[in-house]
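Okay, so chain A shows up in both of these, paired with chain B first and chain C after.
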Partner chain A sequence: MIRRVAIVGYAQSHHQHNMQKTREDMVFEVCKEALHHAGILREDLDTVITASTDFLDGRTISSVFLSMAVGAFLKDESKVEEDGTFALYYALMRILAGTHDVALVEAHTQGSTLNPHQVSFYTLDPLFDRQVGVLNDVAAAGLQARMYMNRHSVSEEHLAKVAVKNIANAAENPCAHRQMPDVSLEDVMSSKLYYDPIRELTMSPISDGACALILASEEKAREITDKPVWIEGVGSCQDPYLRDRNIQNLDSLKSAANTAYKMAGVKEPLSDLDVAEVSEKFAHEELMIYEALGLCQEGQGKNLVESGTTRRNGEMPVNPSGGALGADPVCATGLIRVIEAAKQVRGEAGAYQVPNVRRALAHGQFGICAQKNTVYILGGNGS
Partner chain B sequence: MKSESEIIDVKTLPFTANFIWATGFMMQRFIEELASRKILGVKCPGCGYTYVPPRSRCGKCYAKIEEENLVTLSGKGTLVSYTTGHVALDGQGNFIDLQEPAIIGAIKLEDADSTIFMPIEGIEPRDVVEGLKVELQWREETKGELEDIRCFKPA
Partner chain C sequence: MGFIKDERPQTICVEGTWSLSSYHYKGSKLLEQYVKGLKQKKLIGSFCPGCAKVILPPRNLCGRCHRIMDGRKTVSDRGTITCYTVSPAITKGKLKVLGMDPVETGLIKDGEILIPVFVRFDGSDSNTDTILLNAEPKAVHIGMRVKVIWAKEPQGALSDFEGVEPI
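The block that comes next holds the complex of A and B.
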């Protein structure tokens, strides 16, 4: 990259089913805390980028009422739709362009406003699929899971093992929504069946939540902190619409990861990375994500969960924070992964800290069957 | 803090949006031809990919697709994936439990590359397998509306 850019502060809410706070209060609190965490003032911000989705916010031009909550009063501010990792991309580009030095990136969703699965229906082709009327993100995930499972002899128990790993990890994370420390395979496999094989506990919970992070150019980052988390690589890519893609593979994630790896000089992901935080909205997606990220060969994702490789104390921990199965405030979920990865690099992850993290991967996604994907590679001073 | 039942929720605003979308030439032909029990697709002149429903520009090679590229598909296809829904959304954000589970199929029509997603009827969920041959069920009287295509059944 032409300039080095680092994450220098962050904060997230205690994600939960219904926060009973206004969106503005929820967002203000995380932005204020992120500034405090970085040890800077609102006056130090050059630009603010937010992410949300109008349908999920229940209003259009949904950032209009947020500019003060995010600290952008009389400042340069812009918004992207969908996942917070796209907002981070935008902020990164502003700093790389040399026109700004310090950015605040914010993302949020209150799932209690309108069921995000209902909103997913409104992302379908209005001229055909919405008229047929049977699909939504959970139904499509059921089709994707079945196809992937048939192709690679993956059982429902493999999916349940992913869910148990992540939900148990979430119990160590005070910000996670699901707090089920004793969750068992039986709990997962007997949870309510939505669209076979997708069950209540193999899909993410509907959460209220927000997060914010502070991004700075190298010069500013070194002034602000002695523990900058450098963005070493980034890649973003999208698949075609559901009808014209192969939903059993995450081709766009593979492409995004390869771009990020090339930029960061990652050659062997399994050995070059120390931890990954990924946006698995459904348990089967985590197995598909392992493969797209090159942590294993195609179809071998189940082996990584069977062998314990991706457990918190495994060779390649994935989602020690609990991932999206731990909390899913939709538009914030990817940016929370970036924050969790940054916490691991800085050694600030507390009860779920992975030892000796030098390099971490964070992944955000949006759209039915993970249509759009963004990958970040983060590193500390020593990486 | 007040319990959830004590919190006053601001409900919906009295606003109903009646969206009107332009269908475009290809989709209009697709819908009109349903009246004569024809399923139209287009075969891209650039890369040969066959879209259903049809479209006017290839999303893969960007070739312009013309009326002459329209092809009639048989309405027969193969199930490439399936799921049994035990719930359905009610349009207001609630998952409603279904009395009878409903099967949704991912179907590749003969000579098409797109996958379409439609209800599957006439078979028990436990009997559904990948590779099942299925056939489109037409509404008794076809009118040139999307409602003419109801579901697929085993062929």
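The block that comes next holds the complex of A and C.
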């Protein structure tokens, strides 16, 4: 990269169902806390980038009423639709361009405003798929899961094992929505069946939540903190529309990861990375994500969860925070993964800290069947 | 006050029946050709001269070649299930399939399930989403051969293609 850019502060809400706070109050609290965590003031910000989706926010140009909450009063501000990792990409580019030095990046969704699964219907082609009327993100995930499971002999028990791993991890994370420390395989496999094989506990919960992080150029980062988390690599890519792609693979994630790996000099992901935080909206997606990230060969994702490789104490922990199965405030979920990865690099993850993290991966996604994907490689001073 | 859907004397018009709420989506002429094909119990896809792929239902652009798909190709009304799922119990008023409540129209009984599927019709290169009818959920599998269930009296509407059933 032409400049080094670092994460120097962050905060997130206690994600939950139907939070008793307005969107503005929820966002204000995480922005204030992120500034405090970085030890800077609103006046130190050059730019603010937010992420949400107008449909989910229930208003168009949904950032106009947020400028006060995010600290953008009479400042340079912009908004991106969808996942917070896309907002981070935008902020990163602004700093790389040399026009700004310090950015606040914020993302949020209150899933209780309007069921996100209902909203997902409106991402479909209005003149065909919405007319047929049988798909939404959960039904499409059911189709994807069956296709993937059929091809690679993956069982419902494999999906349940992913869910148990992540939901149990979430119980150590005070910000996570699901707090089920004793969750069992039986609990997952007997949870309510939605679109076969998708069950209540193999899909993410509908959460209210927000997060914010502070990004700074190298010079500013070194002034602000002695524990900067450097963005060493980034890649983003999107697949074609649902009907025209092979939904049993995450090709765009593979491409995004390869771009990020090349930038960061990651050659062997399984050994070069110490931890990964990924946006698995459904349990089967995590197995597909392992494969797309090159942590294993295609079709071998189930082996990583069977062998315990991706458990918190495994060789390559994935989602020690609980991931999206732990909490899913839709547009914030990817940026939360970045924050969780940064926490691991800084050694600030508390009860779910993975020892000796030098390099971490964070992944964000958006769209039905994970159509759009972004990957970040983060490293500390010693990486 | 809700949205007001005004009449517009000039816009792109395609013949057929779509449920669009308050929006004025501009439909492709390909859709008109598609539903006219349905009236004749034909599935007309679009063909890309660049990569030779056939897309059903048709669309105008090929993303891979970044060009107009100006060819047309009629594909078979028989195909293969590439993936499936089984819905939760569907109750009256819960969803609309092809613009109609499947319980009200008698497609299924109140509380029954639907089986959404992707089908790759013979001669096409894309997935078409539809529902599998006249089959038990336990019998459905990837690779199952199916054929279109046509309306008894096709009207030139998406609903002429009612779903698919096992061959």
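Definition applied: the second predicted complex is superposed on the first by the 383 of 383 C-alpha atoms of A that agree within 3 Å, B and C clash if a C-alpha of one lies under 4 Å from a C-alpha of the other, contacts with A are read in each partner's own complex, and residues count from 1 in each chain.
FYI, a contact is a pair of C-beta atoms (placed from the backbone, for glycine too) under 8 Å apart; a residue touches a chain by one contact, two chains touch by 3 or more.
What you see is a predicted model, and the numbers here were worked out from it, not measured in a lab.
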Quiz item: Taking chain A as the common reference for superposition, should the pair chain B and chain C be classed as clashing or as fitting?
Solution: clash
Practice problem: Look at A:L193 in the shared chain and tell me whether it touches chain B only, chain C only, both, or neither; answer first, second, both or neither. | Solution: both
Exercise. For A:L96, decide between first (touching chain B), second (touching chain C), both and neither.
Key: neither
Exercise. Classify the contacts of A:N150 with the two partner chains as first (chain B alone), second (chain C alone), both, or neither.
Key: both
Practice problem: Considering only the touch criterion stated at the top, classify A:P240 as touching first (chain B), second (chain C), both, or neither. | Solution: both
Quiz item: Does chain B (first) or chain C (second) touch A:N115, or do both, or does neither?
Solution: first
Quiz item: Does chain B (first) or chain C (second) touch A:L135, or do both, or does neither?
Solution: both
Quiz item: Of chain B and chain C, which one contacts the greater number of residues in chain A?
Solution: B
Quiz prompt | Footprint overlap on chain A, comparing chain B with chain C | solution = 126-129, 131-132, 134-135, 139, 142-147, 150, 193-198, 240, 242-244, 247-248
Quiz item: Where on chain A is chain C touching in the complex?
Solution: 126-129, 131-135, 139, 142-147, 150, 193-198, 240, 242-244, 247-248
Quiz item: Mind pulling up the chain C residues that touch chain A in the complex?
Solution: 18-20, 23, 25, 27-28, 31, 55, 57, 63-64, 82-88, 95-99, 114, 116-118, 126-131, 137, 142, 158
Quiz item: Which chain A residues qualify as touching chain B in the complex?
Solution: 18, 20, 114-115, 117-118, 121, 126-129, 131-132, 134-136, 139-140, 142-147, 150, 192-198, 240-244, 247-248
Quiz item: Can you list the chain B residues touching chain A in their complex?
Solution: 1-2, 4, 7, 19, 21, 23, 27, 49, 51, 53, 59-60, 80-89, 91-95, 102, 104, 106, 113-119, 125, 130, 146
